[in-house]
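I am attaching a structure below and will ask some questions about it afterwards.
Labels run A, B, C, D, E and F following the written order; every chain starts at residue 1.
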Amino acid sequence: MELDTGATAWMLMSASLVLLMTPGLALFYGGMVRGKSVLNMMMMSFGALAVTAVVYVLWGWSMSYGADVGGILGNPFDQFALSGAIYDGAGEFLVDDYGVPAIVGIGFQATFAIITVALISGAIADRVKFGTWMVFAAVWVTLAYFPMAHMVWGGGLLSGDGPFASIAAPIDFAGGTVVHINAGAAALVLALVVGKRKGFGTEPMRPHNLPLVMLGAALLWFGWFGFNGGSAFTADGFAGLAWVNTTVATAAAVLGWLLVEKLRDGSATSLGAASGVVAGLVAITPAAGSVSPFGSIFLGAIAGVLCAFAVGLKYRLGFDDSLDVVGVHLVAGLWGTVAIGFFATETGLFYGGGVSQLAVQAIIAAVAVAFSAVVTYVIAVALKATMGWRVSEETEVAGIDLAVHSETAYETIQQGSVAKEIRA
Amino acid sequence: MELDTGATAWMLMSASLVLLMTPGLALFYGGMVRGKSVLNMMMMSFGALAVTAVVYVLWGWSMSYGADVGGILGNPFDQFALSGAIYDGAGEFLVDDYGVPAIVGIGFQATFAIITVALISGAIADRVKFGTWMVFAAVWVTLAYFPMAHMVWGGGLLSGDGPFASIAAPIDFAGGTVVHINAGAAALVLALVVGKRKGFGTEPMRPHNLPLVMLGAALLWFGWFGFNGGSAFTADGFAGLAWVNTTVATAAAVLGWLLVEKLRDGSATSLGAASGVVAGLVAITPAAGSVSPFGSIFLGAIAGVLCAFAVGLKYRLGFDDSLDVVGVHLVAGLWGTVAIGFFATETGLFYGGGVSQLAVQAIIAAVAVAFSAVVTYVIAVALKATMGWRVSEETEVAGIDLAVHSETAYETIQQGSVAKEIRA
Amino acid sequence: MELDTGATAWMLMSASLVLLMTPGLALFYGGMVRGKSVLNMMMMSFGALAVTAVVYVLWGWSMSYGADVGGILGNPFDQFALSGAIYDGAGEFLVDDYGVPAIVGIGFQATFAIITVALISGAIADRVKFGTWMVFAAVWVTLAYFPMAHMVWGGGLLSGDGPFASIAAPIDFAGGTVVHINAGAAALVLALVVGKRKGFGTEPMRPHNLPLVMLGAALLWFGWFGFNGGSAFTADGFAGLAWVNTTVATAAAVLGWLLVEKLRDGSATSLGAASGVVAGLVAITPAAGSVSPFGSIFLGAIAGVLCAFAVGLKYRLGFDDSLDVVGVHLVAGLWGTVAIGFFATETGLFYGGGVSQLAVQAIIAAVAVAFSAVVTYVIAVALKATMGWRVSEETEVAGIDLAVHSETAYETIQQGSVAKEIRA
Amino acid sequence: MKLVTGVIQPHRLDDVKSSLEAAGIRGMTVSEASGYGRQKGHTEVYRGAEYTVDLVPKVRIEVLVSDEDAPTVVEAVVKAAQTGRIGDGKVWTTSLDDVVRVRTGEHGDAAL
Amino acid sequence: MKLVTGVIQPHRLDDVKSSLEAAGIRGMTVSEASGYGRQKGHTEVYRGAEYTVDLVPKVRIEVLVSDEDAPTVVEAVVKAAQTGRIGDGKVWTTSLDDVVRVRTGEHGDAAL
Amino acid sequence: MKLVTGVIQPHRLDDVKSSLEAAGIRGMTVSEASGYGRQKGHTEVYRGAEYTVDLVPKVRIEVLVSDEDAPTVVEAVVKAAQTGRIGDGKVWTTSLDDVVRVRTGEHGDAAL
């Protein structure tokens, strides 16, 4: 295949956009925690980014897209450290079917692994050891993310080449299963294994900086154009359709979420708007290439409504999914994946496509939940038994930033006036 | 036309950049209001974004670019919900003259409608009902924005196909009339209809967070590369020229604004720099494709100087255009539109082009002001009589965030320690 | 050459990304200073941006890429105000060898000049006159940056056409010498000439807003994809390689920095993570096109470790490089430039390439340091003798924002309630 | 000497300042506070979770005065701060043993 | 009348409030403070430079009470704020000359 | 027991702390305040609109001491806070009825 500079330009840009999502998430999450733990929250994203990027180059790409092993994962040694993945035999850059150099695709895919790991951190805010988190990131991305990416996108069990394709070809345009269901199910399991924050449900734990949350949501949205638009793998009509669907579904989700709040709580909130943004983005992710802009309005609005209700579940069921990774990513990820069965313009129920697409979407969603939950549980329990997850109660009360990172996020006059010595 | 992936890549990216401008504006405006109303200010942008995106897909595109009705607007039913706007008869993506899929152009155009509505909100900060604003957004974009876009860009009265083109072809590269004059005139009318904030001109209403303002200005600048660069509709020399003109005019406007401040007030301020950024960006918007980088320096510097003076007018004339939408967008929008008559390298007065370009630019600017003002006035007065615009005086004093959104932007120790119950 | 819209799209985007880096730097630096000088810090970046953009269009491009004068600089009058640089004789846009219009390349190059000047400001935070800084920016970019760009990239002494190319072709992919060594050496000299802040080394000068620092680091990283990726001048495999190397080296640098902190200080900090980001980005800059992703891991990790130690030097040696421009940009810039001699996959020592590449890299690094230091010294001393650099001690103590810009960054309740009069 | 302390509505501060100036008092110290009392607080909602915040923003002012000025000052503060609505706050007076002006070391009424 | 002032651990504020309510006291004024004492502060590290911060976040509460209620209030505050760990803070009582309710101008015990 | 309260320039806090330590006093409570007095404030300008801010940042310190230590403490604070420039602030002394250490419930001088 010849190099297509236009496709390549768009994929380079898409990779850059998706990379930006992780710091965007750090702000989104960081603004939502209390002022005494914002740095730790942000560090969980930055740490996940650092670990995952290195791991991806070493064995992540190979485990996702290397030689298939049982339909579950790629062989990590096949293209270890990208050997054989960048150049062809003649030393020229390998180019994919869209005219995009393989190395660009590698970068693009790495960013998906990164954001998925980072997403999970919101469920266990304010209370876990940074070292345990860093080890978890490396292990989880290896055992849960890379196999899932292989199964769905790398020609594995949940792909068009897998066993369920006989019903209908499963659709996951940009990562409803691999990213959002995966992260959301992991978040649920982790929240349960790690346990509640001291004071959960009784003490106020309100967002300390809502403009930061809105900024984070904005950067996520911006980055998501790469996430969904780039999943067309070139700059064409599908990328454009994904772009428009992403925008309008997200807009509708904001309206849906705000409407629920206005009717139920009496006020449409800015946190609701920011949350609606994410709910809409998540829901449209798997569907962005197969639904119409008109359909996206409904798909998005329903996502907003569903998630606005779902975030309350944790109080009723009593698990401390601190920043609602389950209520937003798992719920909207499931909805978006299943909604394809209704809204896909070619195969969806509402468009006369029958129930087979719906069935296969439900199956891959269920398999994804189960796979992620089991793998996460094993890793989480193993880490609990070895390194331990929790910081001390005193640290939680005094603030994890200070105890774990020896920093406080914001200077106040008093703090600034009492340093005793500076050493380097 | 064949698909041009390069042009498409640039237009996808441009659309993404312009979309980012609205949250950028939310930060820019949000930092400028007091701490007790930052969330409401940001919500006016996010709300405008959500409403306009949905409306655009439903009838906005059709009213802008659908079958012409009297040179004023497109028929909203022609391509309602984008029917017939995405695919050709064979089910292939429609592609425009630049090789860009039509759906990409639809996304790009939607972002312009969104930011235009959001811009207006700065004039009526801190004091209006959120519900009224949301309704205004939907109605105004329908009655004022779509027709203006149709008239200027959709082949209507103010376009090269309209009656004034006999003098000279009117130039509005990226939205001096459609976006900035339109929003600026609407802002003036709305500020007058809605009325002043309690304490305007006597109580201090200083920006509560200037780094946020500067961040917002930066994101606006960044996004504006899509706004102006994307208005070349492909990645070519014109896009490059627009890019360079945008940068250098903006830089010159910052210098112009700061110089006025230094000489008049004694200090060059960061708010002045951020404001100069926007003034320069607005002024170069209509002109970016038809002036030289050298000319842009003067065009931009004059914009900075003009606006630095214009923002003081509201105190003298006594209208509460809270965040100077008139002083910046209307003034710089008018200047930029008219300046083309002087600086256009092919038809401008300074380049030997005579006065016909200048004349036609003045005409389209005047028509745009008049059209926008009249339509806005009717909508604003109708809403005043029905839903009402103003929150109560107590709400204004106590802070609109709390009363309208049940939130406060920043946590303080006291607030955090007194919650009584959590329900979901 | 024919227009290549794909290459042009990527270069337009890259230019936009690099432009964003300067406001990103403003946030990164702004968050690191005390709350009473954040606006001044940010203004140094915005001011450098405004001045440099105008100067670049006037004579910067011509001095960098115009007709060679002695291998040191381009003739400023050759293409003054871009005359002859945009269009060919027939009035068509000039297009470069990659199919990119020359005007796009001009925009891209301008952004490099801008960020380089802004970088220096971190060394002299909190204490210099804004007017002196603005003059310095114009003079320094003219006498230090444009010549260096000419020498390295414009076919001058340090380029592949220069005298050292007989040893091996010097490599500076994206600006290790021109940008980072240049800015870093200038920072060192300036810190020495300007002198220490009152209280340096004894009073606490902690970052006032660490989330702002992390946001700044994120925007820098995002922008750096244009910096390094765009330095391939088209959207191809090299751009992709640069993208992946940039990501993985940066990730490794974060891990390296955090590891040093954990072992030495007991805590991995968020400021360390943000600093590691920049150290990795700087180090990979010259090398991004000539090393492998695997090699980048080591190159980046070493950069993180080196810089984590280097930032302490200023306390020991007693110069007040306030925000560690030397410890990060000079050190990582030197390391990255020299590391090419080890890690370049074609000519590096570790890949059997012998020592000639290493030698030539050391030479160009040394020349760059010497050139920058001497030129900066002359300018700095001249300004000291004429305009003066320092604000008064009282201003430093009370806060430079208030004294120099008549602003304070954040509103507090008291400040908001005592204004006496508003005039315009 | 007396210390007159007032806890008042934040938006009355300017008027109190003017009123004190009118009474010839040219110094005071101000700080932020939160009050809890008859005036009810407010409710905030974050993702459907309702927070009841019963502290209300107030401003505390402290004025050092000579014994004879104390009643005038109390009067001036009360008058200027009064809106008649619940939550207007309290003013109280304490007797002091001594006051020193840091700059000069002066004691007693001379320090005011 | 008396003024009972307490400097306590921030996370005890809620309990103190409940305890005061239980004692029939329905008003107080709260402000942020930092304490320095036996409780040691902490160390922060920025780019390898170590900062010793020996001020610890505290909350100051002020309660105006009648003479007879003062001991009860002191007791209520101390009990609710006590964790037994160093840094629990101090409570002190001052006699007041007068208290005024700003809203009504009432003086003395009626103002409480 | 006495309460010594000082309103001082923020940048003198460190010296005051050292000075108190030297005098054997190992506890105090600090809070932010703004002062209004002879020291003039400053002017800010936002888009050409000028704001006159006449409150100046100060720090308030409170030290509980035994009756006999009070004069020493006042002296120590005044000395350390003095720069001789307008705006150095005030220090005043109040008599207390009682002090309690929350942690132990100790009363009086034992609570200090």
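Here is the rule we use: contacts are C-beta pairs under 8 Å (C-beta built on N, C-alpha and C of every residue); 3 or more make two chains touch, one makes a residue touch a chain.
Keep in mind that this is a model prediction, so the values were computed, not measured.
Engineer: Within the chain touch network, how many edges lie on the shortest path between chain C and chain F?
Structural biologist: So the least number of steps between the two chains is 1.
Engineer: Tell me, please, which of B-F, A-D or B-D gives a repeat of the C-F interface, judged by over half of the contact pairs matching in residue number.
Structural biologist: Overlap exceeds half of the contact pairs only for B-D.
Engineer: Using mean CA coordinates as chain centres, what's the gap between chain A and chain E in Å?
Structural biologist: Computed from C-alpha means, the inter-chain centre distance equals 45 Å.
Engineer: Starting from the mean Cα coordinates of chain C and chain E, work out the distance between those two points in Å.
Structural biologist: Computed value for the inter-centroid distance: 51 Å.
Engineer: Round to the nearest whole Å and give the separation of the Cα centres of chain D and chain E.
Structural biologist: Between these chains, centre-to-centre, one finds 17 Å.
Engineer: Hunt down the residues of chain D that sit against at least two other chains at once, touch-wise.
Structural biologist: Within chain D, residues 11, 17, 30-32, 34, 44-51, 54-55, 94-95 contact more than one other chain.
Engineer: In chain C, what residues contact two or more other chains?
Structural biologist: Residues 4-7, 9-10, 13, 204, 206-207, 209, 215, 265-267, 269, 271, 311-312, 315, 406-408, 414-415, 417-419, 422-424.
Engineer: Show which residues of chain E lie in contact with chain F when the two form their complex.
Structural biologist: Residues 2, 6-8, 31-38, 54-55, 58, 60, 70, 74, 77-78, 81-95.
Engineer: Any idea which chain D residues touch chain F in the complex?
Structural biologist: Answer in residue numbers: 1, 3, 17, 26-32, 62, 64, 94-103, 105, 111.
Engineer: Would you pull the chain B residues touching chain A in the complex into a rising list?
Structural biologist: 3-10, 12-13, 15-16, 19-20, 23-24, 26-27, 30-31, 38-39, 42-43, 46-47, 49-54, 56-58, 81-82, 86, 92-93, 95, 101-104, 106-107, 110, 130, 209, 212, 215, 404-411, 415-419, 422-424
Engineer: For the complex, which residues does chain B have touching chain D?
Structural biologist: 397, 402, 406-408, 414-415, 418-424
Engineer: Flag every residue of chain B that touches chain F in the complex, lowest number first.
Structural biologist: Touch list, chain B to chain F: 204, 206-207, 261, 264-267, 269, 271-272, 275, 308, 311-312, 315, 324.
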